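You will see two complexes here that share subunit A, one where it goes with subunit B and one where it goes with subunit C.
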Partner chain A sequence: MKSLSKPTASAPDPLLEIDRLSVDIRSERGVVRVVDEVSFAVGPRETVALVGESGSGKSVTSMSVLGLLPPRITRTHGSVRFEGRELLGLKPGELDRVRGDDIAMIFQEPMTSLNPAFTVGEQIAEQVRRHRGVSRRAARDRAVEVLDLVGVPSAAERLKAYPHEFSGGMRQRVMMAMALSCEPKLVIADEPTTALDVTIQALVLSELRALQERFGMSVLFITHDLGVVAEIADKVVVMYGGHLVETGRTAEVFASPRHPYTEALLRSVPQGDTAGSRLWSIPGTMPTPEALPRGCRFHPRCPYAQRGVCDTDEPPLEPVGDGRTSRCVRRADLRLTGIGADTGGIGAREAAPLGGPALPGGDRT
Partner chain B sequence: MTPILEVEDLTVRFPVGRNVFGRPRAMLTAVDRVSLAVPRHQTVGLVGESGSGKSTLGRAVLRLAAAESGRVTFDGVDITHLGARRLRPLRPRMHMVFQDPYSSLDPSWEVEDLVAEPLGTADPSASRAERRKAVVEALEHVGLSSAHLNRYAQQFSGGQRQRIAIARALVTRPDLVVCDEAVSALDVSTRSQIINLLEDLQRDFGLTYLFIAHDLALVRHVSDWIAVMYLGSIVEEGPAERVYEDPAHPYTRSLLSAIPRLDPSERSRERIVLAGEIPSPLAPPSGCRFRTRCPHAMEICAEVAPPAVPAPGGGWSACHLNGGDGGVGVALDKSGTAS
Partner chain C sequence: MLRLLARRLLMSVPILVIVTLVVFFLLEIAPGDPARRAAGGEMASAADVAEARRRLGLDEPLWTRYWHFIEGLFTGDLGQSIFSGQPVLSAIAERVPVSLSLMAGALTVAMLIAVPAGIIAATRPGSIADRVVMLISAGGVAMPNFLIGLLLVLVFALQLGIFPATGYVPFEQSPAGWFQALVLPSVALGVAAAAEIARFLRASMLDVLDQDYIRTARAKGIGVRSVLGKHAMKNAFAPVLTVLGLQVRILIGGTVVIEQIFNLPGLGSLTVKAVFDRDYPIIQGVAISAALVVVVTNILVDVAYGYLNPKLRAA
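Up next, the complex of A and B:
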């Protein structure tokens, strides 16, 4: 099965290939699909950002890659291949070897993933010993090395410190050190800088970029922050209501989005001097997986939605050229605004979705 | 017109740790001799990293944290040490909206009771019908309605909960609302809904905001005036436009340079990366507090705390680079007028 050569031989085989991944969660109210036929790939040395708001399904997508969803209540369909090898359905032991060996994960809140009862040195060394099978001494040296690498000052002494003795930014670096200790090929980072101050976020991001250049690893970066995406990602994958709505190279998607949701996300971020004008906003809220609207999932909140067009059939995710895709049937008729365009009129036009505000408390009061 | 809120030389300290005799092991200075004026109907933005003391300052102006020294004047009344009985009539005129709408609203209360609660202290004699009327009005102002009266906070999304929190702050028709990271926990699209709502309400009701947030782009959007805090002190103040376009303090410059840009082509821009993290307020550096992380630190910075010096374009900054020591600049009182 390994790396069947593709008809398009120009692009290198992806490191991670997610193909029609769906995740169903069983609850008292029945089975709901929270991730719906998601497909994208992460190439070698590539950084892909998975973007979405809460409830978009982005975190469930990333967790299912590593088999971190509770098996009793979730069912995963589709395929997740790493270097051509299928990860879905692997036995826990086999999956454990992939995690840490080849794929590492960095979470938003390091305190929940670091064990408070052990020193950081013990935790990193344990990880190295388990996956590399080296001596205690070598594992300890490796721990010093990686802590040093991620910019933890006086690494050898800090080895004896417990997680609570580190500040938030330093803890996030300890997480990075742990993730890198086995030189993974892929790092999955789920909102790793969200809890940090901007100054520390800037440091952690530049550290991550430097490490990536040095080790040539790939990164799947999950975030809601488009500024962070612009800073770090080669490609961007935008999720809404459990499925993909737009994908493409970051620079191109940001310059000329092909889906109204991407446009709305970009324009909701105030850039420069917007004082005195209204912020671009999306009325209503993200639909829950139990109550997805008919037709396009974004249409009740979309300023461009057309009756009879957008509220009938669910639009497919289609290629729109340059390796980009979009799930908007009206994309050819729309001139969507990206960054760099004249933003003078930002927010001048209020979103007026089909059938009025979707919820009480739509933007207008 | 006098500012609705004036803070003069305010210091707030907290005891840290207790020994076996119940005495504090140390005192932490969260706010150190801060002066700030908030003019009526305007928005003053307060920015800084976590640990800068911005939230403590916000709480202190509402008397939710006790001042050790200095003065807080609300609408001409010195409230710094006002007793509970004399503070009560002022309470309805100032409110706070917190960051986390999940923990600031009791999930076991109905919306009506949540929003009505501040009315109880404001006007205990009000009838049930009067109260309900005020609550419904407040709900309508934030885009909710009487249909939501008997629902529980937990039935609402984050954005809707924050609307309830704002209705609660609004129900007594306050003059001053302190927004402490009021939109930080919300998603991008919901965030701009709430920001637009806050701006509408300000216009309609003549509200004054003290807007505390770490999101600098957002603070710029909402604020008329901005104060930058570092380790308990304000290091720079000025009109929002001036502070963003022409920051005078190295700390402000580094904060601004750390904001992620939406334009991927700016990825390779020069950034001012700060060394290390904010020092412990238990042992702040001597002289200028920012000097341990400042790319321009000089000898004098360790010895002398820099005075406030007027900034071209309005406001002031406290940095030796900008003169002010030995008569290079003009020493200012911190309201921005030359003394």
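Up next, the complex of A and C:
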């Protein structure tokens, strides 16, 4: 179901290229770096999953692509290129032409992400009118079309309904319809299923997948749920403590992780065949960006951490072959266990609601 | 929406009944004998006073007089001024346009200042612009309107001569003159309301700008004007409406002072004169007119609430 066989070597230029992106946030206690030199790319028609626990910096990374972080308290460094064009530092007017048109976003809280004071029809049509310059009528027709597309029943009548008249799952579909309304080349989905219950999660995911295949969009999928990743992503990018710890193609990373944190994340995904056994969770908590440990940022929680090796210098992110990277200095000595991509995917799908007891649901943004 | 309106109209009936009761009996127990005043004051003879009492219908039992009073309200007969003999309704009708013009002017001034100020302050919290807005609005709230009025007259009428210091020109006579005459009193009356509304709008706006749907709106690329003016404003304005309703009530009281300062022939100056004269019918008429304005304002506020917040329409 995934285009994993696609050779990466001859891949065309990436659609989205994030290059050494750092984000500093100013607070009363000073400036903290919440995203630290993050680099990865999303190719055309590719789905990349950005994975990590709450506070890993994954949402901040995704928001900085469209300049959605509050400018007064954040400073962004590095580069975010879309189709070769630099997005960081664009004037608000220029950025607004990209937002919602070339790149659309779906957010994690469907209950609060729609404006309660406007009908859903108005909220979709407004975006179409702005980017396509069409008449009110044409924009309205487009809204019906996309609502229909994402499976909102009797779309034409529902156009006049307000968000509070929809269920959570339906609202997320409305969000998806809104995102698709201008046929974006890239959709950034920030935990789009986290706030939904299991059955709806599965529905929304398969819907997203189907739409992606139909329109050939790229998707940057932000999640803490590796079960979802197995189902949807071609590539996976793992973040911890504000920087990348491992990247690679999903099947390979799942089968043989090269970083203990990835292994830990995989271990905390409930497996189909472990029914009845206790769920495993990663001990300890993610360090805050103000108090990062010396050396490897994961070492205080890492079962393989070695004194004098892991707690001295921060390891660099290094290529480990096959287009993969890892930030673990001991990766050569360790035999980390993964899960079969196939069983992992299926097992995780069934167990999605329990996706990570150690991974708090809400994400810091 | 219509149901909401009908329900609010019905709810205002008991309010108005209570107002008439209070207005009627409050004046009944107030000191001073209107019959004696009408007969010529302290010097009048007992016979003259009794005659005046009969003429004014003040010798009838309390409840009968209250009944006449209510009957009068429905037939538009609010009695006559004890002093001038002019029917109360026509005395009020003559002056209502002045006071309503002044209040509309004050509200316009308030909104013209408060909306941009509130938005500017909320979009840049902690900035110099925000602090300036907050400082000025603190001053605007604290400064009494008569002081502002006198200062405005001093600078803009006496020093610069841009606007007339006092007086009123009816709209029918000269729209330009009407506008000129109202500028200074409207500003004097509206500044305090502007300050109050700006503070509320800022707080409400700050809250709304933190909401997820604002982030969604920004991600849609519809431009900062639409994000603020449309998506944020429609949500932020609902709490401000409550304040706006309260401000209308305060403005009614404010017109009394401002009309004195600017020598405007409105309800305020009518009231002041009536109070000194113990001209009960006029006072009653004015009080009921004011109550009507408040009731109508409340209904408008509720309807506007329903427009801004669709969840309330069904409730």
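In this section, the second predicted complex is superposed on the first by the 320 of 365 C-alpha atoms of A that agree within 3 Å, B and C clash if a C-alpha of one lies under 4 Å from a C-alpha of the other, contacts with A are read in each partner's own complex, and residues count from 1 in each chain.
Convention: a residue touches a chain if its C-beta (ideal position, glycine included) is under 8 Å from a C-beta of that chain, and two chains touch if they have at least 3 such contacts.
Here the structure is a predicted model, which means the values were calculated and not measured.
By the touch criterion defined above, A:D96 lies against subunit C but remains apart from subunit B after alignment on the C-alpha atoms of chain A.
In the superposition on chain A, A:S27 contacts neither subunit B nor subunit C.
When both complexes are overlaid on chain A, the residue A:T285 reaches subunit B alone and has no touch with subunit C. More residues of subunit A are in touch with B than with the other of subunit B and subunit C. Residue contacts after overlaying the shared chain place A:V228 against subunit B, while subunit C stays out of touching range. Applying the stated contact rule after C-alpha superposition, one finds that A:Q306 touches neither subunit B nor subunit C. Using the contact criterion defined above for the overlaid structures, shared-chain residue A:S135 touches neither subunit B nor subunit C, since it reaches no partner. Applying the stated contact rule after C-alpha superposition, one finds that A:A202 touches subunit B and leaves subunit C untouched. Using the contact criterion defined above for the overlaid structures, shared-chain residue A:R72 touches subunit C, although it does not reach subunit B. In the three-chain superposition model, subunit A touches subunit B and subunit C at no common residue. Only residues 49-50, 140-145, 147-148, 157-160, 163, 187-193, 195-197, 199-200, 214, 216-218, 220-224, 240-241, 244, 254-255, 257-267, 271, 273-274, 277-278 of subunit B touch subunit A when the two sit together in their complex. Subunit A meets subunit B in the complex at residues 53-54, 167-170, 197-203, 205-206, 224-228, 230-231, 250-251, 254, 264-266, 268-271, 273-275, 278-283, 285-286, 301, 339-340, 347, 359-365. In the complex of the two chains, the subunit C residues touching subunit A come out as 124, 211-213, 215-224, 226, 231, 234-235, 308-311.
Of all residues in subunit A, those touching subunit C in their complex are 66, 68, 72, 92-93, 95-101, 104-105, 107, 109, 112-119, 126-127, 130-131, 162, 164, 175, 178.
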